[in-house]
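Sharing a structure, written as structure tokens. Questions coming.
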């Protein structure tokens, strides 16, 4: 809608998919979200303003090649370094693609903030495996990559994960050893979880939003849907507080896998992005 | 199920679609609802009776031609005038088709009741635009057309809209200037909204039910789904009170856009119609 | 995952479909559930253990032939008699297929326990018709067949049905005459229904779970979806208490009708089975 | 389009499906064909006339119940006896449903013509198995049932089968022993096969047309598609000669299994029926 | 691929749909064709060159509003007048959308060439109705509108139609009265039809290509598929000769109605456009 | 169907997909082909025998990991070396997956036969690019990898490619420089092409069959369908002669991308494999 100069928000489509497990199609996610976004009304009745006025610039899609996950993520990291440098105050929202892309912006922000960063992860899965399906760069390992980044030689990021309802014993042990704050999905049935999550956030926050955080009734169009997930309002409650009470530096929305007849899923992801833009515009 | 003579309820299929924005297919809505209705059980366990005994007569589909929106709506209005005259006490439920058809029955009832009418609108969108996509008869303008009908020269209808979560600045201003009662979707998270809506209704009520009132988890098969919508029980609570506490004169159900594998959406719309028949049968 | 010897749980695929009404495809249900189960994480964060360690043996699919419903169900009953005899303490979960298959395991357990059995039925429909579509073995009659089994000459089973929201006058009368405990879907909006259901259960319980118990937002992929159904947590609450407080002897999950793009429904059914395995593993 | 009295052709929808092997959905075949037929132009440019003028009466769908294949086919046979008696000169086209229905009209005609009948079978499969999937009434056995009808005690029908490209050793042996005239699909690549088929026909002919005769490129929407099948013009060439040079007494079109997006298959089946009506109208 | 200045060919997307009969979705046609065109190889092995070098400029989509067919077509005509004036030697290919759009470029060329124009119509239907579905601007009337344009007061266009296999008596009479050259689909089974069609073309030719010319096996994704249609090579044979032996001034490709899983249809339409560009590049 | 010891043919499922361009889903290809194969009749009427008697052993699926294309292909090559060593006279048919897998068996055979090998490629595309999408191991480069294997230091394989109708200038130049025998799709319209292809084959032949060789009317379910492709009988004619007149050492079938409703495509691929087994069984 807007050019780079006038933009307060930048959308970066990253249609990358190479390591998905079951349902395929996250490669089509960014295009579906952008197509759906054309039908969003600009006025936000909760904020009583038109957040698009902050200026939204959608960049061309990033092609990460077919040489394999490791060079792909490395290329994305380099690209993010350049982009964040150029962006200044502009808020960048990456649109995946599979979840493995998130390690690029997350670690870029770790470096920029010298480790003074919390990753707020909306997700059904912890994605804390060390390796999966023969690769450390699999989408099921993305948070482990972030966790280990600078873990030995510098300040690492903290993780606050909400909506979790699928993990392995190995991942449970990582959570306990590393003191990761997890709000399990079954804990979200009782009040107070939003406050607990917000309190665990540090000063600076990067948000990675895997759409399988949502219950599959709302977004069935994702690779590994898990019942018992979060509602639209659960996401709104936590997002609005995180943006109001912390310094949110960037975000991504990943793992939408469009399906025929699945426009509702794409639209929900698009509106999620637009609500983030709205919350961000209140910050500014 | 029943002939005209014995019918207390008349179903009018209006498979009209000419101005939709994104998802297409509302033209197939009436046929899908009627097909699905064959699998509804006749007994209603909440009412402890069989509402179909009131007699339900399904009319042939209305063909509004391809000459354009304005003559199509004019034709439908004329048809409704004749039908309501013939129908007497019979309760007419129109099945769309896109939302623009609702201005025909709504304005027909405005005239029949000399403006002493409230439109109870279940919807995600206010549909209060003055023009859209080059036409004042676009589906996004239908409530504006109703609002302006006889607004200058006679008694106009009031509007009570529930479930709203997508509108423009222009529409917000219309709401404020005209004193339209709106229950936004985010307000439905707190108790009391049903009572507020019922109290805002006048003596006579026409119900227009855009199925995108519902959360897209329940009815994904519609043109512009919006997350954060109403639940089945939200609709039941308001409908049951409206029928019990006011004089509901007619209704329509619009914007179902059937999809392959989307039988659940069609069935839900069909059961919605049957619940209306049940509530109506309690009135009679 | 496991061989017969080491198994504590046995999965029996029964891809039988011959009498469905509307949506077709329950024949593909078992294969879809088993395919989906490959993507379930083995750790259960609510139980803090890996239930698969109990040992899960998946048997080959049962072919009930095309000679008609009566010989098909008779063959399944004979097969269940043999299987339960061989199984000993192993817990058998049947995967349908249409609901009519449930009379085979249910009546087998009636005999094994000399009538000292309650059937806990998760369902939108009571399935208590005497005949339907020209056959007493139609899926809409399955609970009637169970109810009448040994009703005259011995100890019959009780039925506790939850989630009911579609029935006929005839079925209402059966409920009243036979004192069947029914928790209607609209009663599940208020607290206390789980306790009422559990209290109505006898010592031994067989669970038949028709996936249309769930709201169609969660599982649209079933033959006759009905809005206003149970949530994931509703099912978890009642299942966990039933397994903890009673002796659950067996279970089946029926009426999943896979659809293209409907992986979320299949996954939910698979996770339902795995949660049962988990609850069972706590019993053992 | 026409009432019974004025009809020269009668369409009988038989949405029966109980024994299919792989792809399901033939139950939806008749409705899809009838829906598609609304878009056929009435003028036939090859005949230079409007065949519908012969009068076409579409009967209500036949419900064969869910008690099993044997009673279902028996009921259909009784129904056909009555219908043919009442029909007089009217030409009856049955619309399946699975192929097993064809034994009812075929054997009814065997009796009416005292065995002086050839069955002209368009099909990919010979359907000559003695039993299949535990039943002699399976769709894979339908021609065997016809072949054996009155084979011992009276005059049986001959069979001429065209398009065959999938059979078993057992069926090959039946073909050789019984002298069935088969035009294999690979023989249709060379000229002359139409003449050979026509010459093998007796005076009276009943046509059973399994749509999998066609190459799957033309009709993918069938249960067991086989590549290398007949083209539209192959069918037209043989049908036009059969109707011109023999006394065709009746016909059926079976095994269409509609799919989302498969309107072309349904339309092709509908036009096939209309071409038959045209050829028949030239006879009259 | 190219800017306006360097372009020898201009692509004009016209996603207009308002009067379709059965299958819907032609509105999505242009986007699907353009998406598919990204996967076409630029080299043409029959021409042994890369036709894209002529320069191809794709314009933004034209929005014809929702005010009805008559103003929509009028607006398109005005737009075409301006575009053709600006285009000079550039070859314009319109991408529909429904067939009714073709009257705009066709009549624009009639005026530009003072009636010295033949319309070469690839189509299953003659589209020569006077009115249809209450409108003279329905897609089933488009060639009648072209035929009557300047028929009384000036030089009208001739029509050569190929692939025809669905028409009405009324349309047959128009063909005969007006001397329209029609190659029926059944005539395309014999050699010589290409030559007959080419000989009937005048000096200047506008090509309107309804994709239902093709057999539905090749392009099932269209509104009213008709079996017995043309093959890919049929189209290539006639197109290559028309471009070589006549002055082709413009073209359109219409009635593609994309379906899920129907990428092959979209790709075929895209390659058809690219072959036209190739043939045109030989002319230049 | 058969164990390894008794097998004359071995089926190797290779569900690998990492570099596809457009349509996705080749990863599901092997499972769909194997599922479809259950419905193939074992008797082959052209050979008048049951080819399955040669013994067919289906191996478990190969998982090539997610570490990237280069290690994946290397792993597959190592696996093929072991498998071919163990297989002895058994004929191995690989089922892809994307086309890039074919370089593993092809180069394994180059080594085993010291370069005395012709690759017979059924394909729409030459796949002779040097690099594509940032990788030399992309599916569009597979034949280039084969071509260059041992090209400098030893005896390389020849390539005979049939059905080609999409290539780049670069690939045309490679064809000319390296003397690759190509039968373009447009050349297949004239007789004699089968003989030309067979004559170009050396003594030993490895067959790689990309299903996009077929016209998209027959197999729409592939990544980049191209109109104007080969028919079923085209494939049969060349395959039967190749097996009869040369020593065919192995084969693969690749690029099937299953779609909902696309059972016909999967079945055609399965029957293609079975016809190869039949032709092979004649050799033995």
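Some observations on this one:
Just so it is clear, A, B, C, D, E and F label the chains in written order, and each chain counts residues from 1 on its own.
Quick note on the criterion: contacts are C-beta pairs under 8 Å (C-beta built on N, C-alpha and C of every residue); 3 or more make two chains touch, one makes a residue touch a chain.
Computed from a predicted structure; not experimentally measured.
Common neighbours of chain A and chain D under the contact definition above: B, C, E, F. Chains that touch both chain B and chain C are the following: A, D. Mostly differing positions are employed by chain A and chain B in their mutual contact, as under half of the interface residue numbers are shared between these two copies.
A turn of 180° superposes the CA atoms of chain B on those of chain E, with the angle given to the nearest 5. Note on interfaces B-D and D-F: more C-beta pairs are in contact across D-F.
If you average the CA atoms of chain A and of chain F, the two centres end up 41 Å from each other. Taking the mean of the C-alpha atoms as each chain's centre, chain C and chain F sit 46 Å apart.
Separating the centre of chain E from that of chain F, both taken as means of CA atoms, is a distance of 38 Å. For chain B, the set of residues that touch two or more other chains comprises 215, 217-218, 260-262. Contact topology of the protein chains: irregular, matching none of line, ring, star or complete. By the definition given earlier, chain contacts exist for A-B, A-C, A-E, A-F, B-C, B-D, B-E, C-D, C-F, D-E, D-F, E-F. Residues 260-261 of chain D are the ones that touch chain B when the two sit in their complex. Only residues 21-23, 125, 164-169, 171-172, 184, 186, 189, 215-218, 220-221, 224-228, 259-262 of chain C touch chain B when the two sit together in their complex. Looking at the complex, you find that chain B touches chain E at residues 17-19, 24-25, 27, 63, 65-71, 132-135, 137-138, 260. Per the touch definition, chain D reaches chain E in the complex via residues 36, 38-43, 45-46, 48, 50, 215, 217-218, 232-233, 236, 260-265, 267-268, 271-272.
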